[in-house]
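In the two assemblies presented below, chain A is common to both, partnered first by chain B and then by chain C.
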Partner chain A sequence: MAQFLSGYAMYTFSSIVVFVALATLLHLQFGLTGIVNFGVVGFFGLGMYSFGVFLIQYNIPYLVAMLLATVLTGVVALGLGKLILDLDSQSILVATLAIATVVEDLVITEKWLTKGVIGLGTVPFPFDLGPFSQAGYFLLALVLTVLLILYAYKLESSPYGRLLLSMQDNEPLARSLGKSTSRQKLIFFSITSGLMGLFGTLHASNIHFMVPRMLGPGVTFTVWIALILGGRKRILGGLVGTLATIGLFDFVIETFVPIPAAQSQLLPVIKLWIYGLGLMLILMYRPSGILGEKKLTNR
Partner chain B sequence: MPEKKLHIKNIAKSFGGRTVVDIADLTLGTHGIEGLIGPNGAGKTTLMNLITHKLKMDHGQVVYYPNGEEMDISNRSMDEIARFGIVKTNLIIQDFESLSIRDSLLLSLSTRKYEKFYRIFSEGALLKETKAEIEEYLEYFHFENPDGHALSAGEKKLLDIIRCLVLKPKFLLMDEPTAGLPEDQTIKVMDLMKKKTKEEDMSILIVEHDLDLIWNVSEIVYFMAEGEILLKGTPEEIRKDRTVAVKYMGVSHV
Partner chain C sequence: MSFFTDSLILGIIEAAPLVLATVGFTLIFYLSGFINVAYAETITLGAYFAIVFNSMLGLNFYLAIIPSALLSGVISVGTYLVVFRPAFKRGVGSTEMIILSVGLSFFIRYSLRLIFGSHLYALDIVSPTSFRIFGIGITNIQLTALILVAVITAGLYLFIYRTNYGEMMRGLANNEDLAMVSGINPVRVSVLIWFIAGVAGGLAGLFYGVFSFVNTLLGWRLILIIIMITIVGGIGNVRGALIASIGAGIITAAVTLITKPLYGEVILLLSFIGILRLKKVRR
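The block that comes next holds the complex of A and B.
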């Protein structure tokens, strides 16, 4: 039992849970509010690395470092959002993609702080529970992700959720009804991006050792593919999509399908092929994702 | 007779060198319902968009008089102006794709105190607060299915007007309210407008090409052409005026 709880499976489960959270946050930003955040990894990575720096370079206590990193990510998102959120979607896409690249580059170049390509470590699990430390960590990530999904549920049937939805549909019309859309978009973008940073700090505990390679655009693409596959307008779209992609490959296939050693290096390539193929099929035959369109709520 | 609601001083707007609106002095909202007529391209919609600040004016000043106070709104944002009580209905059909008719009204009725990211449990309070009002409107204007989308162009147009009405504006601008609206609904809308301007602190400015409607409901009519207000008068006066006939109704040769 203890072996299972600290094994590779636990590592994979934790990664999946973190990616479910990221995809759910992207659903809130893109699926609900219409903000095309193509820099998911930027906020995720900023949270992860700043947490590592606070914890390892400055010896700040674990939970405090986590909180600081989350706030820092949110503040950066606030600054960026102030500059770009009132621009059109293409500009937002490019700008968020750019900030992600900036984060990655800074991590590589600012060696005094991040140790560059050598990598930064070691990040321990949040609670020292002996053989159950990893399980404790997993539980924390799981609880936070479940809370996030519950929040999304309540949000979407609340006045604020309705406001966010109206901004995606027709922002000028919402403004003409007295809604301060720019301000609300900015607040919501900062909070959800800050939370992407929070899940970045959690991921740091899972991988223990950070290298800049982890901050490539692959993370953003994975999260986007998962959300689009699952259904961008659905709260569980991120969960379903993440299970259908990372869950299927990094857990089910790697654990249960016997792949000869000679072919195992092909697996990541095949994985990308199938992600791409799946995405194309979904966009062609079911553009609103596996879960489909959101239905109107009846009262 | 109500106090004036708006005083427009020396405002101008041009697009690519062509002056679309250029008004030296105009007082609006001294009557319950005022009409604004003029040929296409006269600048009627632009004038309305300058007042609500959907468009930025080149220069000029708009002073608003809510409850008798004086307030310069020349540099306020569109959403602030709407919150102050100056609201405009749209000529071109506008809707929220993902909201049902009821949700659309709830959106309009909801205020900033509910619209906070942490107030995710406030739906019940909002529903309770707005139930009676929403039911009243849904009963008065019959919709096919209030819990579904507005289906026809007519329903969307009507919903657009109601969304503005529930904001309880002090000054309502209506840009061709009858365009796309079925006749029976037009009558209902106009009856309600007359009632509201009489009973509540609300003035309306209507832009309309249906002149019979203008002559019927307006207490005062402005005639606009080439960016300027050329005439102001009672419906009878404007109707008989030679300039209006020449510039608008195309009867110069009679």
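The block that comes next holds the complex of A and C.
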């Protein structure tokens, strides 16, 4: 029992849960509100690394460090959002991508804080439950992700959710109806980006040891393909897409398909190659993803 | 004073390939109206073609430049005809086009990884001789790159602002329907522009390959800066792109002289975000 609850399978499940959360948050930003956030890994990585620095370099208690890292990520997103959110989507896309690169660069250069390329560790599991520590961590990540999805459902049937949706469809119209669109967009962006940071802190516990290489563009790309594949307009799009990408490659294929050791190094390369091809095919032939467009209901 | 001249000269040398890549990128951005992230791979491919012709097949470096540049142009046209033109016809929106180009970028990059592996490659160049200009060491290859870049950029500039095809391109970018009514064949002009842009990108990659090792991330590391320069310099404005890329080279060189190279990138990116903001305010 304890053997099943720890080890590689548990690690993979936890990663999948974290990425489902990231893809759901991206759905809220891009699918719902229309913010083209191409710097997912920046917020995720900022949360992850600042949490590690608080916890290891400053010995701040686990949950407090988590909270501080989340707030810090949210504040950075607030500052960035204030600068760029009312620009056109191409500018937003490049600016968020730029911030992610800046985060990666600073993690490499600020060795006194992050230990640079040597890596920062080790981050323990949040609760010391003996052999069930990893299971306890997994449960925490799972509960937070489920809560996030439930919140998304509640949000999208609320007046506030409709306001956010209206900004994507026709922002000047929403503004003319007396809604303070830029303010709402800014607050929503900084909260959802802060939450990306929160899931970054959770991921730190799963990997235990962080190196700057993890902050490369692969994370952002994986989250984007998951959401687009699943269906960007659908709340469960992130879940479905993550299962069909990371779930398929990192769990099903790694566990059940016998791959000779010589070829196993090629798997991550082939994975990203197929992701790239897949992304192109979806956008050309089924832009609404697996789940398709949301059915319009009479309210 | 010497700090000023040092960063000026180093900046111009460093910016030389960047200018080429940015002008190529700007052409596509201007004509087709979207950020083509896959242009990163056109740059990478230029370097890899040079590796194949020069290091693997043993062709002289200067001779290897020609087929490498032409093949990069052909691949660029290929991506237009196979991926982007059909996507335009299917009505893919401009944000989705960018995501599509990111997909293509990953597809090409990891194709290269599958073919060439993750090794670092180096071009096979006869040991460069270096001499000093204003107290700064410069190699003859760097000087060749600089001269070639100047010549090609001047040629492109004349092409865009002084020739028939340049005029057709500008017409097509501004108002496609009007251009077609005036008898401009949009496919022919587009193919030509994507080819020229591809050649410029391939050459840029090749010259980067002269100064550093080549791996599959070469273009990806540059593309963000190139996109930023293009937007800051004014979309489709070749003069703006030229000035902005030389400026970027000088800023990077200046910061690198004082501290670490990565800080150069950080400061460059942050100031670009600031400029984006300022441009919006002024509009």
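Here is the rule we go by: the second predicted complex is superposed on the first by the 298 of 299 C-alpha atoms of A that agree within 3 Å, B and C clash if a C-alpha of one lies under 4 Å from a C-alpha of the other, contacts with A are read in each partner's own complex, and residues count from 1 in each chain.
Definition applied: a residue touches a chain if its C-beta (ideal position, glycine included) is under 8 Å from a C-beta of that chain, and two chains touch if they have at least 3 such contacts.
Values in this document were obtained by computation on a predicted structure and should not be read as measured data.
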Touching partner for A:L198 - first (chain B), second (chain C), both, neither: neither
Which of chain B and chain C A:L277 touches, first, second, both or neither: second
Touching partner for A:V94 - first (chain B), second (chain C), both, neither: second
Touching partner for A:L148 - first (chain B), second (chain C), both, neither: neither
Touching partner for A:Q184 - first (chain B), second (chain C), both, neither: first
Chain B and chain C contact sites that coincide on chain A, given as residue numbers: none
Of chain A, residues touching chain C in the complex: 36, 80, 83-84, 86-87, 89-91, 93-95, 97-99, 101-102, 105-106, 108-109, 217, 221, 224-225, 228, 266, 269-270, 272-273, 275-280, 283-284, 287
Partner chain B, residues of chain A touching it in the complex: 151, 154-155, 157-163, 165-166, 168-170, 172-181, 184, 187-188, 191, 233, 294, 296-299
Residue ranges of chain B in contact with chain A within the complex: 52, 54, 77-80, 82-83, 87-88, 90, 94-100, 102-103, 106-108, 110, 112, 114-117, 119-123, 126-127, 147-149, 163-164, 167
Of all residues in chain C, those that touch chain A in their complex: 34-35, 83, 86-87, 90, 92, 94-96, 98-100, 102-111, 113-114, 220, 224, 227-228, 231, 260, 262-263, 265-266, 269-270, 272-274, 276-277, 280
